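One structure is given here, and the rest of the page talks about it.
Chain IDs A, B, C and D follow the sequence of writing; residue 1 opens each chain.
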Amino acid sequence: MDKLIRWGIIGCGDVTEVKSGPALQKAEGSSLTAVMRRNAALAEDYAKRHGVSRWYGQADQLIADPEVDAIYVATPPSSHKEYALAAAKAGKPVYVEKPMAMNAAECTAMIEACKDAGVPLYVAFYRRGLPRFQQVKKWLDEGAIGDIRFVRTVHMAKPLAQTGEEMWRVNPAISGGGLFLDLGSHTLDLLDYLLGPIRDVSGHASNMGSPYAAEDTVSGEYVFESGVHGSGIWCFNSYADEEYNEIVGSKGSIWFSTFEEKPVVLRTAEQEQKRSLAHPPHVQQPLIQTVVDELLGRGKALSTGESAIRTSRVAEILTRAYYAGDR
Amino acid sequence: MDKLIRWGIIGCGDVTEVKSGPALQKAEGSSLTAVMRRNAALAEDYAKRHGVSRWYGQADQLIADPEVDAIYVATPPSSHKEYALAAAKAGKPVYVEKPMAMNAAECTAMIEACKDAGVPLYVAFYRRGLPRFQQVKKWLDEGAIGDIRFVRTVHMAKPLAQTGEEMWRVNPAISGGGLFLDLGSHTLDLLDYLLGPIRDVSGHASNMGSPYAAEDTVSGEYVFESGVHGSGIWCFNSYADEEYNEIVGSKGSIWFSTFEEKPVVLRTAEQEQKRSLAHPPHVQQPLIQTVVDELLGRGKALSTGESAIRTSRVAEILTRAYYAGDR
Amino acid sequence: MDKLIRWGIIGCGDVTEVKSGPALQKAEGSSLTAVMRRNAALAEDYAKRHGVSRWYGQADQLIADPEVDAIYVATPPSSHKEYALAAAKAGKPVYVEKPMAMNAAECTAMIEACKDAGVPLYVAFYRRGLPRFQQVKKWLDEGAIGDIRFVRTVHMAKPLAQTGEEMWRVNPAISGGGLFLDLGSHTLDLLDYLLGPIRDVSGHASNMGSPYAAEDTVSGEYVFESGVHGSGIWCFNSYADEEYNEIVGSKGSIWFSTFEEKPVVLRTAEQEQKRSLAHPPHVQQPLIQTVVDELLGRGKALSTGESAIRTSRVAEILTRAYYAGDR
Amino acid sequence: MDKLIRWGIIGCGDVTEVKSGPALQKAEGSSLTAVMRRNAALAEDYAKRHGVSRWYGQADQLIADPEVDAIYVATPPSSHKEYALAAAKAGKPVYVEKPMAMNAAECTAMIEACKDAGVPLYVAFYRRGLPRFQQVKKWLDEGAIGDIRFVRTVHMAKPLAQTGEEMWRVNPAISGGGLFLDLGSHTLDLLDYLLGPIRDVSGHASNMGSPYAAEDTVSGEYVFESGVHGSGIWCFNSYADEEYNEIVGSKGSIWFSTFEEKPVVLRTAEQEQKRSLAHPPHVQQPLIQTVVDELLGRGKALSTGESAIRTSRVAEILTRAYYAGDR
């Protein structure tokens, strides 16, 4: 393969050190050509440690670099929209860190801008590409559990440690919501991948005594476009940690955890199979490979702006009344 | 105690042989004085086998019998309203088999009539009195799991055997609904008992390929008046049977099955306790004892018309759209 | 296949109704030609119900029948030796019900007689042929658990119901021993099949308060000729029933129950697999097929006099001191 | 309580930093008065950090110190005997780290010397005093599982990491044996505490491919003086780690792990109870308290030279043939 996607990173911070930066280098048909960070010295440091030939202190310089084919926006959410629009304007494909943006309106603007510019937009919901969830998808596609009836999700956790470091995550002014938006969206995005889009959703959110403004508990039920039912409960103010999903069908069921390193389980009347599937060293690499493959015209990316905004909408419906002050 | 409640049964059929009839005899302060069945010969047979001194072929005779203090309506649902109203008119307390009536309108009429006549109305949701669920209630009341956060319910089952005998249960014209109304109402009634009334509820019902008119799958989520959240999935078209509830709090959780003879489980950070609690020989006896105690002015009955109609309303909301043809 | 083994049964009692009789008819290359029972009327009844053309009231008649190629001895243990020797004398292969005989001396005599007569001797340890244990054998042969390190056996049960019907099983004068000899020998025979002969064995037997003369508890440890270690505890005077074996190796482990209809389980670092494998309708059929195949010169029988006597010896060593009065 | 036991430590190394040293200070009626280490500078450092007033570079100085009432020998096993005899000669009670000595002969010499000198001898098998095992003992003493029938032990582990650091543990010349002697003795000592002395024992030891001289696998069976049976398998060359004991009786069973921080479990026909009991910060403190209490004439120590030597003998019998070259 002689064609190569040459990436530039805007915001070469923590997440790019192990999870994504090396993945952009190691994916087949992909290379990391340039990095940018407002503190140019840190950009240079990153570039030298990772063997990247060019570095910048300003985003527009990186976007304008003719050696850069595609842009990876890895800054905090507040600047995602700005950089995505600038990249689109330059006609360059965009891969945005999650969450996609501060709210659904920004997401929509990004999708529209990329569509108008004729460039694809991808979002880093990398779990879609991990071996564990690929195995679940494979079982579903093979019909291992027959016709799918419902999925149920349980996610409960002990109260958040009330350290300054953690509390920003439940300050809606900074994070855009609470732990449900932060963590629940990963599960909802996986369900969108595995079972297709949700058609109808209802639910309630509450704060049951947690010392912060965001919700700590959400109950939801939904029906997918396929007719499959769903039921989920999220509570981040419980006595213990437990998190898993179960997809049930006419011939079997599949059990998996979104966050915990546990085996995925297939059960039928005749047998039960537990498979332990480790994550790759650079967790974004499988997803990035599908993005690169799509850009090279030889495949289809697993996570796009369109799929990501569907999850945002579901999460917003479940917490809408809570944030409308209707508590 | 010299005061005694003397019961008359309208419809001394199967359910009264072991579950309730002997319970009316054995409860303290209670006796079974008369039985009625349209086939008077069968009424006589029942009376002689059970040592009951009087029997009738017509309900109005039994209701009018001055030796009968209270009426137990054990006929099929279609005649519950008629007999309950007649008993109320005669100024006699009523204990009605479940389901309470054919629909919420009938339930309301029964409640109103009893209220106007100044007689209490009870419904045979007997699980409330069973040792297993009394243990759950005790743990909750003692604060064993701290502040309650949510309850989740899973109820899935293999498809119904398609025998003539079973199919009436899923013919809404006869049974008033499907397996969710039949079985799910037991769980919803228990949750009403354990956690109080549900304040807000939403959900969806579907038939996912079952060869009958009723729904086979229901997903629901709800918030109780106490603020506790709830999430439930019912699917009677699955590859396997599984049924349980989990109530989760700030200090622990309680696990129990509504239908299966399994231990109830209390979990906290420090310990896990599984208790096997067998049902009494006459399963309605503990509930009937609370009814008798209330009638004798020394206690409070566990299941009334008011509690039963709450469960009917919740179940109806969850299946409303389905039966409105909005499938 | 035109060659056919024509069987004659000595003692067509209960065990031959479903487990073995129909199996002799249905195995490929096998037919059931004649049956014998001292009560000739019952022999005739059996023959007519099962479509067998010839029946006898005396064993020597059946053994002498030129249409009978091979003899199945299904009488109580006390006459196994006598009939096996008579069949051997007639030059006919023998398939003997388990237990093989009353004691090791009788077993040895049977083996010697068959060897001298040049006829093979088989014993009905039919579990060796069942799909569940064949799966275990297959996993072991494939190296699924790597090099085998040890096997451990747990077999505990509630005290025997003290009815007349059951008590003969623990009367050594009748049964030759207690529940360990009766039940434990099935497990030991399976281990002989799966792991090869035991080389060295030691243990203790006790009666810990059971109202009968036989032992109720046995602890044993052993080393197989392969070097694999084994550890087993049997207690038929416990608070509960539990019975299973686990074979552990360098790469995984296999779990199976000798008696309970539970899935067999394969565990490795990467996965766990549970397989539910039902018994065939006539449980002896798979073993009988291997016997017939060997007689027809196209395979190897799974259970012989030589394998059965090995298990008898191990069981005798474990209980020797107990029965020597050295309690 | 005005009486105080003043301890002196011989060999104030690692084990004394958290596990035992602070325990000698915190136990009621106990104080740590002096410490000794051949490198006197390190002894001084320890003394200053722990608030101990006196320190020495030579053991005889510490033993002779009139302010020291009792001696804790915390050196490597090779010098246990020498120091225990010196302390006994000085008429001072001795508390020896485990293993008690290099072999049974040394153990016997220590026991004899202490008996002759009229001083008590204790061994640091501290698990006997931990809350987890005290709970097991309490359940047994209360009759929670009825009459005890048997105990079974499973201890398997992945192969030892072959680093220089670890390999001395399986070099019999240094450690006196392999992992069974090192780890299995903790379980055997606990069983001696919970169930009393073992009366009769047999077993086999092997090395199944481990790259060291010691055994890696041991199978054993035993009968306690009480008549209780026992069965154990130890394999330190397995595909996984698993370790637990189960004591089974006529009314229930108790499950516990010797090494893993898992709940202890009580099962009966009616209930199952799992209790999580954390270790105290200084794990030797409960045992040391019983030693101090005995020295002050107000209690009985849980672990003595007599109990420790019983465990040594059992372990030696199980591995005798292996070390006799009879492999």
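In this section, a contact is a pair of C-beta atoms (placed from the backbone, for glycine too) under 8 Å apart; a residue touches a chain by one contact, two chains touch by 3 or more.
These figures come from a predicted structure and were not determined experimentally.
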Checklist entry - Can you name the chains that touch chain A as well as chain B? => result none
Checklist entry - Which chains does chain A share as contact partners with chain C? => result none
Checklist entry - Which one, B-D, A-C or C-D, has the same contacts as A-B for more than half of its contact pairs? => result C-D
Next on the checklist: Rounded to a whole Å, what is the gap between the Cα centroids of chain B and chain D?
Outcome noted: 59
Checklist outcome for this item: So, in whole Å, the Cα centroid of chain B is separated from that of chain C by 52
Item to check | Centre distance in Å when chain C and chain D are each reduced to the mean of their C-alpha atoms | outcome: 45
Next on the checklist: Residues touching two or more other chains, restricted to chain D: which are they?
Outcome noted: 269
Item to check | Pairwise chain contacts under the document criterion | outcome: A-B, A-C, B-D, C-D
Checklist entry - Contact residues on chain C for chain D in the complex? => result 145-147, 149-150, 152, 154, 156, 200, 202-204, 206, 208-209, 217-223, 227, 229-233, 235, 237-240, 248-253, 267-269
Item to check | chain D-facing residues of chain B, complex | outcome: 263, 269-276
